[in-house]
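Alright, structures below, take your time with them.
Both complexes below contain chain A, partnered by chain B and then by chain C.
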Partner chain A sequence: MNLFNVNRFAKLTMVSLLALPAAVQAETAYVSNEKSDTLTIIDTDSLEVTNTVDVGMRPRGIIFSQDYKYLYICASESDAVQVMDVATNRILHNLPSGEDPEQFALHPNNRHLYIANEDSAVVTVVDTESRTVIAQIDVGIEPEGMAVSPDGKWVINTSETTNMLHWIDTSTHELVDNTLVDQRPRHVEFSKDGSLVWASAEIGGTVAIVDTTTRQINHTIRFKIPGVHRDKIQPVGIKLTDDGKYAFIALGPANHVAVVDAKTYEVLDYLLVGRRVWQLAFADNHSKLLTTNGVSGDVSVIDVNKLKVVKTIKAGRYPWGVVVKP
Partner chain B sequence: MAYFTCFTGILIRELLRFWQQRSRLISALVRPLLWLVVFAAGFRAALGVAIIPPYETYITYEVYIVPGLAGVIMLFNGMQSSLSMVYDREMGSMKVLLTSPMPRSFLLVSKLLAGAFISTLQVYAFFAIAWLLDVQAEPIGYLVVLPALVLTALMLGALGLLLSSFIKQLENFAGVMNFVVFPMFFLSSALYPLWKMQESSEWLYQLCLFNPFTHAVELIRFAMYSQFNAQALAVTLGCTLAFIGLAIWGYDPKRGMVRRKVGG
Partner chain C sequence: MRFIATTTKSLCWLFLLQKSAFAAVQNIDILYVKLHAEMSAEPLLLKQPADNKTLAGAKLAIEDSNTTGRFLKQHYQLTVVEDNNADGVISQLKRLLSVQEAPGTVLVDVPENAFNAVSEVIRGSGALVMNISSREDALRQSQCAEKVLHTVPSRAMLADAMTQYLMSRRWREWFLVSGNSDGDKAFASALQRSAKRFGANIVEQKQWSFDTDLRRVAQKEIPLFTQHDDYDVVVVADEQHLFDKYFPGNTWLPRPVVGTEGLVPTGWHWTLEQWGATQLQNRFYSQFAREMTESDYAAWLAVRAISEAVTRTKSTASDVLYDYLLSDSFELAAFKGRKLSFRAWNGQLRQPIPLVHPNGLTALLPLEGYMHPVTDLDTLGYDKPEVRCNMAK
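Showing the complex of A and B:
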């Protein structure tokens, strides 16, 4: 019986007042729903779902081309990377991807996709223009996390069972070095200048900060939330703010996102979000952070300046990945 | 003017009485704080309470019970004022009040308003402590909630007044606790969302819906998040008017309970 929503009215008035002098840049978030085989599209200004699009089976990792014209989707159970035309929300074609693609990363040349094939212990390199596989690199068991360094020289892949970061030279497509980290590394993220790599270990419950020149662990971050059992703290998604102030780390079934000081590595706060928080993405010029909450089937929105959760939006079943288009 | 003098007189008397019983403030605050700090710790939902309106995201249990505990402060205050009416009657100070030339209904409503004022002050003291304990709402919510608090305080004060017209002796007050305060408190949405109640028992859920305290708590809860709940307002306002009407009737020497008591 909520006839009149004062809060929303106030917000709308504020928005319309602000919109007059300088148009508010509304961005669009795309969320992959692992179990409903769809993408949920969210307007990051109104924080409402605007569309739901059917895609291939078990969509997980998603990533935009640099011009935001195409969205690449790892359709794990279709054994393909799908290419979606962002303007029409239509799937244009599939790229060869190897078996069970889960996560991937796009090289700064906007051409090469590095795809982790969970079941076959390889990383597949696909040319998105010629739509061919140009290399396959053997890595550890259950490859998962993927990141390309900002200068494009290095690709890092994590293997969940071998517990290593694999350093791949992009000029030769050879595995050059490995860094042993804690159990079940899930995700890697380069710092903006490329000097550090943040790697989350799901079962180890830690995040390792690795120096990219020595390839050694500099620091290990541990987490502790009062009232939550240690086993439930399973770090997965990581995002760093561009200004180098904060790191946000999704803690899986602990239902919290950790806020970490990106300079001192001190955990500043834990923010309560939905159940089994998985991946993260910034929106609206790093003023908002979106989280996918798999078990509760929703997306939480964090105000980055206030470090508060402002809203949780219903998505499809088991939201997995999230990316934002300006 | 005479009305104003009379009203300020009653207000000052209530304030004085409250000031002289400073322990009352402490006990009024200790009770909800025990729930907030101790009970909520035992019930701790660090992994979040499911989203229900007016909340827009997951919350901890502490955040959930704050509006209910604000209601509880006012519930106990309402009953306390009922107790003080019975006490005044036994001690004879009520006779002094009732000899005033002002209409009795005016005297009773003045007393209610004075009581509501004190209740609301106590709730804000509780909100301040909860804020320090990091259980916080949006700042604007604390302003929006004010009319909801005043209305709730009036409703519960009127209920207390109504009850006091029935209670013949101070000793009977324990009955009020058993048959009014606790059922109203536990059969409401103050401590748990009603969908949880519905999951375990449909008829308990229906009882909760019949409880005006549930609606008062929901009115406060929605207002704290700058939202308006029309059903909660309708029920709370309706009950307030009904309780005030009945209380005035109960204190009417020609018809009400007081006369019957004196006669018997």
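Showing the complex of A and C:
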């Protein structure tokens, strides 16, 4: 394993040295592999794996600092959020994260990280500069999805067994309201203007559209794929295109990504990807969408303009999260 | 950091207490009836069932529901009634039911032969019965009753799950061995039904004689006992595990052992870690310092089902909860990879069944390919057309 990495590293260093001028344009995707405790790094232009980096145990949620200098990694079983120097792929230090961090969101102030601690029913707020915990907020059982509103006013956390979106006021770090949704809410995503929240319920099989002002559900999206039992349609990751046209929703063990009209909420298409698709990320100016497929251990690449799957890239074991650096 | 957590928590509680002074808190009292079973052979001290067997699952679910309840101004509480004899438990139960403000829910954890008597008393008070202990098929097939729901899988469900797996491996020829308790005989019948249903063939059926002390002579006795021309598996039905443990790796022909030992169908097992199950296992372990068993899980399910119904209907009335639980709207996430719901025609909670050996999960049933017009979960256990009783009011 080590030998393999060393060889690979040497080879890659040579390749990247030779190809340096051309590499500037391409974006770079980072995929966390839950079971192999690594990150797979993918060049989004060539769609090839360029490096594999060892990180802490059970890496799941990953997120960049706003300047893309640091990558924050939820190393769930190391009970730490690791901070990786993106330039060198080295882990710089750990942040105090609370137990079993799974997902998190970075405030627009680029400083406060809101971390869902799955085992202890709290959201931990960490100051990434002073590396201290500045608040812990009690939420429901098995906190999971995290999102910060574009204006930085709200943090939403989903709790999987309590079945709620918890609304946290970032100025006071108080939990101020809850929205009951369907079974096992996994992920929340704000619309670009922050007026709506898309929330997936994995076991409920639905996506709720929640109004940020009233904190009530406006609409519920349901899915139906011929030949796939409805219980296997389990929405998790959600991504919205910047132009407000599409929402992409990963449907877990249904092995499809739903394409939804972001205005009418009509499901337009289902794209077949790898097995147990969980998280999504856009690349190359929203022209590509990458999906992590846990069971098949790969990443599918969707052409956003053609709405077609164009490539499958082998990753590590149980790819979980994916983020893209321009 | 632990300090911060505690402080924040207590502040939060203070805040909630203040808040609750202004808004009414919904109190949900759940009764838990436990009648201690007599064991036909006392197991080794090391292997005694935990004192809080089953009850621990209910306690965890009460805690889970109260965490959710904080946000909804609901408070759940468990009152335990327990005794060593049926009359004692029934008279205590009657006393408590007579003073209940309104009919609530009672979790029933009693030996199978006492179930009907206890259930009648509860139903007579208008309360809802949650069966968390009896696997008896008759309760789901010929004696199902209004306001009696089952979160524990029936023997037929367990047998069907195991049989689906055996058929997928083409292990069709069975050598069946059963013990002499009522439960063993009932499980053997369930296995016979499953064999017929899925096309397996019982080539030999024997009852264990209990003539020898297997602790000394297992290696001599079991191979002789299992002598036969050929078979694909040895199926054991020994619910109290008096002899089944001596079978694996010890049969006349080198064949797998399945049933109550070897590969075992069960409602829950510590080896489940997919679908967020690790979180439930960890929560249980950190509280009770032992594995969560299938009876703990059945109790957990019962309380979670009630609290889900209370949350969605905003009611605590047992009639409202019962109707909601049997309706199409009810769904429960329960760490088995898909939503669970009740069969409206016999009150059984549909659920996937793990097939496990002591240290690993072999399969989760139903298997893909077993088709059903409504849901493939109904390929496990008595299906609607086979049920001869009526749940209607």
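The rule we apply is simple: the second predicted complex is superposed on the first by the 302 of 326 C-alpha atoms of A that agree within 3 Å, B and C clash if a C-alpha of one lies under 4 Å from a C-alpha of the other, contacts with A are read in each partner's own complex, and residues count from 1 in each chain.
Operating definition for what follows: contacts are C-beta pairs under 8 Å (C-beta built on N, C-alpha and C of every residue); 3 or more make two chains touch, one makes a residue touch a chain.
As the structure is a computational prediction, the values presented were derived from the model and not from experiment.
Touching more residues of chain A than its counterpart among chain B and chain C is C. Once chain A of one complex is fitted onto chain A of the other, the partner contacts of A:Pro226 are limited to chain B, with no touch recorded for chain C.
Of the two partner chains placed by superposition, A:Ala26 touches none, neither chain B nor chain C. In the superposition on chain A, A:Val295 contacts neither chain B nor chain C.
Of the two partner chains placed by superposition, only chain B is touched by A:Val273; chain C is not. By the touch criterion defined above, A:Leu307 reaches neither chain B nor chain C. Of the two partner chains placed around the shared chain by superposition, chain C is the only one that A:Asp138 touches, whereas chain B remains out of contact.
Residue contacts after overlaying the shared chain place A:Val53 against neither chain B nor chain C. Touching of chain A by both chain B and chain C, each in its own complex, is seen for residues 232.
Against chain A, in their complex, chain B makes its touches with residues 44, 46-48, 51, 53-54, 56-60, 144, 222, 225-232. Chain contact summary for the complex, chain A toward chain C: residues 96, 98, 118-122, 133, 135-138, 140-142, 159-164, 166, 175, 178, 180, 182-184, 202-205, 229, 231-232, 234, 253.
Of all residues in chain A, only 1-7, 10, 225-228, 232, 254-255, 272-275, 296, 300-301, 309-312 touch chain B in the complex they form.
Residues of chain C that touch chain A in their complex: 1, 4-5, 8-9, 12, 64, 67-68, 70-72, 276, 279, 282-283, 311, 331-333, 337-339, 375-376.
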